[in-house]
Each structure stands twice: as structure tokens, then as C-alpha cells.
Amino acid sequence: MRLYLKYLSIHLKSQMQYKTSFLLTLLGQFWSSFAMFLGIYFMFSRFQSVEGYTYSQVLLCFAIVLMAFSLAECLVRGFDTFSVIISNGEFDRIMVRPRNEMFQVLASKVELSRLGRLIQATIILLYALPSSGIVWTFPKILTLILMVFGGIAVFSGLFVVYASLCFFTIEGLEFINIFTDGGREFGRYPFSIYGNNVLKFFTFIVPLALFQYYPFLYLIGKVTNPLYMLTPILCFFFLLPCYFLWRLGVSHYKSTGS
Amino acid sequence: MIELKNINKTFKVARRNSGFSEAAKSFFRRDYELIQALKDITFTIKEGEMVGYIGPNGAGKSSTIKIMSGILTQDSGECIVNGRIPWKERISHVSEIGVVFGQRSQLWWDVPVIDSFELIKDIYKIPPKTYRVNLDELISLLNIGEVIKTPARQLSLGQRTRCEIAASLLHNPKILFLDEPTIGLDAVSKIAVREFIKTTNQRHNTTVILTTHDMQDIEALTERIILIGKGQILLDGALTELKKRYSDKKTITVEYTGNKFTLDEGMTCLEQLKGHAKFVLDTNILSVSKAISEISRQVEVLDISISGATAEEMVVSLYEEYKI
Amino acid sequence: MKKYLSFFKIRFLNGLQYRTAAYAGVATQFAWGFMSLLMFSAFYKTKPEAFPMEFSQVSSYIWLQQAFLALYMVWFLETDIFLAISNGNIAYELCRPIDLYNMWYAKNLASRFSKAVLRCLPILLIAFFLPRPYGLSLPENTITLLAFLLSMSLGVLVVIGICMLIYIATFYTLSPMGVRIVAISFIDFFSGAVIPLPFLPDKTRIVLQLLPFASMQDIPFRVYCGHITGLDRVIGILLQLFWLVFLITLGKFFMKKALKKIVVQGG
């Protein structure tokens, strides 16, 4: 942990060398998620509701997903840009250092400009929390927190999967974006609006719905079964196969060296 | 300290010919070629030895280094470094080695070098006291006291290389792998780096393995060289031994007046112009003094120089001898 | 002209090498389009009368957007152009007997084209066989098709005209990366890449449809699905033409100015 803070301070120092770039990137990140918000706003000013979900409920859902995504992105950005680490040989350096490889990749990149999204998410969340009409009892607050953490777990897992695949090929990995960027884009709306098959896919295969749809139902009071509140915990199990894939990738790297 | 036994390694490489139809074809199907990067590599290096590992590009040098540093696993054979199998016990293994990759930096680009050092201190869990002592020693030996306060991107190549080497030695490694450490440096920096490597080896008994194309590095630093070509070890021996092998051949350059002179048996002509001649003399056939007296009998000698084989020439003739 | 063609060929061959990338791109685009359609269909089910166009027209719009993503997305920028500007290698480029603006323009066109050719066919084909109203429908008549092809070509040229301005802007700023990110995220929204422009409220829409960003993908796609016909179609295409000329003139002007600065400063 102390070492991570050290890495963090170096990243901070580096990024402060390029203040304009930092601020502009922050602004860009902020705007691109603001555009997503505008998308929702304009759609709802035309349609008022979708499949029984109101505007402020959807905003709440959007804010939670965006928050989980941006936190995951800040934390594990090193995995997101792993193809660079592989192709410029930096992974060799990681391998000759006496620390866990995963930790080093994690710490190799912390982009604070990604906070642009987080700021956006916070603002929307602050707006949606009171206007959603939810009475914020303790279980509901807990659900909200679980949702964010579950989301961080799933998105981080997906970034790790992406990085692990980089060991085998760096071509054609953009399909992972369907789940990371796509999860963020389409997770604006509860996954049920996309139909049953999509919901099943995002429940059992890429468990985005486990932190988004099911606990959300509990949050807005559509179900009262407290089990729904705990589904985000299942998200953490998703990290296991991701970790194994990573191990597999490292051993492949060791046998081919490229 | 380092023991490699019958190491083999094969890579799979995609292949494609040029041209439009070939590009289109490879879009659907790809051919692979197996390339044997290392064939039956065997050698032992003792503690405190300085070894030059040489060979042309693509001969297998970096694959061997990668196996020894635990980045790569061999297909077959045994590699034991410091009593450990590198890839199996990566973390404990690498905490006792230092690696300098010639053209890649381990310093953070935008922050003062000292910040990078501080981070390395934490990565390697170097005790504060040891760190202090090592840092002081490295600063004074490499003369980087001022330099380390500057961000790496503002340093000259020579300054940066010195900092890179310091960064690799902060944790007192028992073995140091240097991959072309002097590449691109000016003459003064090269000498400084060589001097430093020598001192480190003597003071701490660090085992040094050096890959380079610069034969002056080899001559200045190592007593033993290992020559690799096409994945095989072609030669492993003391540099002086090798020199002796070539010492019976001398290159003689003569400036003279008068007509061209005839060459005796044992003299192989390199160039002969009017008033200037250069040839190789095999001293087993004709001694140096006899050769000189023979020439001065024929022509008026103005200037004469005799030189033994340099490491550079030796390597060239070795490459030729083994056709690599 | 010949040199631009050979340039084009190299780029194209280069693009062909990335076969896995192309497969993955097709899969990604397909999934993306599918999800977008499901989203619109959810809104359609909730309140069909609020839809600004036929559902099948939206389907066509979305599939065209996904199929021709490589042609219309601003973020397909050439990294080596940014590099050449920031590390000063542009000085070497200036030594070649070639107009830099035209060369970069050709470069962009070629790499967009090579990317799109590989990817558009499978997507168009699959989308075409999807059941109505989710699939891609054929244009109503030959005139619509011809108008679409014209409008589509103009659209690509406008996109590159905008990209050129982004490259040129990096001459003037300290932070190419930042400019890029801000520009891309703004343009994405205004061009209808986030949600198709017809879905915006009327006042906003009318303003946006006059801006150059609508000339990128919105006009051609609406021409294709028959959302604009007759006189509106002619006006749309003329608008595209206007923006194209405007953007290129603007780009050439600023490029000239920027290069002069470089020559004076010596890189």
C-alpha cells in the first residue's frame, strides 16, 4: 500500500508537469460523459419514461455505472493500456523486479485526468439521490455502496481480461470494448430494457447486471427481497477467472518472450 | 553462480511474402515458421567473473539473457542462477540481479532521477541505511550528484546511462546483466562507464555479464568471452587465450621508396601500391626480424609499423571462420 | 496524382495485414448496433407516437453508422501526424516536393478507406438479412441510392476536413492530446454519433443540422433511409458541399500560417 502511494505521488508529479494537457483531458472526459447525460436528457424529454423507469431513476442507474466505471478506470488503467506495456518491452522490466507483476502493472499508470468522469458521476448522483424519490434507509445506502464496489470489481476484471489477452495477441482486442465501454454506454439504462436474452447474458457471462439491474430493482423498490441487495457480492467471484487468465498469460509470455 | 546446461529454445514466427496477393492471402491464412533460437547452450560462470557475451544480431544473446533473468522459460535444459531456477522463483531471484537494457529506460521520464531511485528503493525493499550507503557510493563513482536532481527527459544520453546503471545497482545485486550499456555514448562517457563497471566488480565481487557490439568494451572489461552464433555457442574462453591464437599473425604496414618488393612465403598481401604496402605476416613461417631485413634488403624503408590483432579484428575473423 | 495513389496503395496494404483486428471490429460494431437498436426499440414500445422517424429508418441509420464507423468517426486520427508535429520531424516532410495538406488528406482518406472496406461488407450483409423492422432496408429507388452515394462521399471528405483542423490545431497548442480529446467528444455529440440528430428537440436540432458536424454522417444516413427527400435532400447535399469547401479553405489557410512559423523558427 505504501509503495502504491509512492507510485501515485510520482504519477502526480509527472502529470503536473503538463498542466494544460491534464486540464484539457479532464475537460474532455467530463464532456464525453456529459454528452451521455445529454443523450438521456433528450431521449426523456421526448419519451418521458422507458419500460416503466422514470427519468430520475435512469439517471441514478447511469450515475452508479459511471461512477463504478470511472473508479475502475482510475485504479486499473495500467491494464487498460497494457498493449503499450507489452509492445515497448516494459513488461521485461516488470519481470526483473521483485514485486508481483499484477501490482506493478496496476501501479504503472494512474491517470488522474480520468477523474473528469468521476466528477460528472458525482454531480449526477448528487442530483439523482434526492430526486429519485427513494427513502434512503440504511439498507438502501448499503445497496448503493455495494453496487459501486461490485461495479468496480466487474469492470476491473474486464480490464484484466483485456490485458491477459494482450499476451497472446495485440490485434483485434477491441471486441472487449463491447463490455467495458459498452457496459458504460448501455448500462445507462437497466439491462432489462434490452430484452431477456441480453439480461441473461449480462447476468451469467459478463455479470454487469449483477451490480446494475438486480440491486437497482431493490433500490427503487420494485422488489423487496433483500437477496437482491446482495447480488453485487457475486461480482467479486468474477475476478477469479480473470486472475487465472492473467496467470495463463504470464506463463505464455515466459515461454515466448513476446 | 550461473550454470546453463543444454538449453534449447524454439520460437514460432509468422511469415509473409510481399505483394498485394500475398497480403490478401495472409488475411485468411497464415504460415508459421519454427526458428530454433538456442541450441544446446551450456556454460558456467563463477562468482565475480566478468564475461563478454558476443555475437551478431539475432544470434540468441538476448534470449539467453532473458532465460537467465527469469523472463523466458527454456524448452529443455537446465538453468540455475544463484542456486535458483530463475522462472520458478522469480521474485527472490530478481531481487539479487540487476539488469540494464541498453536502449530502454527504467527511469520515470518526467520526474527528477532521485524520485525514481526512491521508488526503486521501495520496490526492492532496500533498508534505508544500505540505500544511503549505496546511493552515496554510486553518486561519487558515477559523478551524478547534480544530475539526479533533474528530470530524466532533460538529461544527455551519457548522463542518463549513468543514472540507469546506478538504478540497477541500488539493491546490491550479485549479478549484473548489461545489454549494450555503452551504445550511442561519446568516448568520454564510454570510458567512465567502463571504469565504473570495473570498480563495482572489484569492490563488490559482482558477477558481470556483458552483451555488446563494442569490442573496446570487451577488451577493457572482460577476461572471458562467449561467442554465440545461430543459437549455438561457438567459442568460450579467455580473451588472452584467444589473442594468443591470433598473436602469431601480425599486420605490417611499410612506407618505402623504390620499386615494389616481392613478398616472401608467410606474407599475405593486403594492399600494395607504389611506395606503400600492407600485409599479414605469419610468424610461424617467418619471424618479424627476418621479414624486416628481407624488405629493407629490397627497398629503402621510410616507415614501418607492426600491430597484433585487435579484439575487433579477431571477432571479424571469428565471424568469418564460423560463417555467421 | 500518381504519388497520392501509390501512397493510398501502401496504406491500403498496411490495413489488410490486420485481419484479426478487422474480424473483431466487425463483431464489436455488430454488437454495438444491436444494443443500440434494442435500446431504441424499448423507447418505441413505451411511446411509439413520439418517434421522429419510422423504426425501420432508425434501424437503417444505426446499421449504416456501425458499418461505416471507420469512415465517419473523428477519433480515427493518424498518430504519426501528431508525432511528426510534436517531435519536429515535420521538417523532413517539408523537404519532399509535395503539398503537405494534400498528402495528409490522402493519408487519412486511404487509412479510413482501407479500414472501412474490410469491415462494412459483413455488417451490411448481416444487417440486410435481419428481420424487419430491425434490419437494414434497401433505399427506395435508384435516385435515393445515387444521392446517398454522393452525400456519403461528401460526408467522408467533410470528416477529414475536420480532422485536418484538429491536426493543425496541434501546431498552435502545447497539448495535442488534450485538444484531441476535447474536440472528439464535442464533435461526436454534435454529429449524431451519440444519438441520431432527429431525436433531439426541434430547436436544438435545427441549429445542429446547420453546423458542419451534421454534414458528416447525419445527412447521408437520412438521405439513405428516406428521411429527407426532394428539395430537402438537395439542400442537404449543397450544405455539405459548402462546408467541405469552407473547411478545406480554412485548413489550408491555417496550415500555411503554421508552416511559415516553423520555417521562421527553424523547427
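Observations
As written, the chain order gives the labels A, B and C, with residue 1 at the start of each chain.
Just so it is clear, a contact is a pair of C-beta atoms (placed from the backbone, for glycine too) under 8 Å apart; a residue touches a chain by one contact, two chains touch by 3 or more.
This one's a predicted model, so the numbers in the text were calculated from it and none came from an experiment.
Each chain gets a centre from its C-alpha atoms; the one nearest the centre of all protein C-alpha atoms is A.
Ranked by C-beta contact pairs, the top interface belongs to chains A-C. Rounded to whole angstrom, the centroid-to-centroid distance between chain A and chain C, based on C-alpha atoms, equals 28 Å.
Mean C-alpha positions place chain A and chain B at a centre distance of 47 Å. Taking each chain's centre as the mean of its C-alpha atoms, chain B lies 52 Å from chain C.
Residue positions of chain C with contacts to 2 or more other chains are 19, 22.
Multi-chain contact residues of chain A, defined as those touching 2 or more other chains: 18.
Shown for chain B are the residues that touch two or more other chains, of which there are none. Taken together, the chain A residues at the contact with chain B in this complex read 2-3, 6-7, 10, 13-14, 17-18, 88-90, 92-93, 95-100, 251, 254-258. Note for the complex: chain C touches chain A at residues 18-25, 27-28, 31-32, 35, 38-39, 42-43, 45-47, 50, 52, 173-175, 177-182, 184-186, 188-189, 194-195, 199-201, 204.
Of all residues in chain B, those touching chain A in their complex are 11-12, 63, 66, 69-73, 87, 90-92, 94-95, 97, 99, 101, 104, 106, 108-111, 115-116, 118-119, 122-125, 151.
Partner chain C is touched in their complex by these residues of chain A: 18, 20-25, 27-29, 31-32, 35-36, 38-39, 42-43, 45-51, 169, 171-175, 177-178, 182, 185-186, 189, 193-195, 198.
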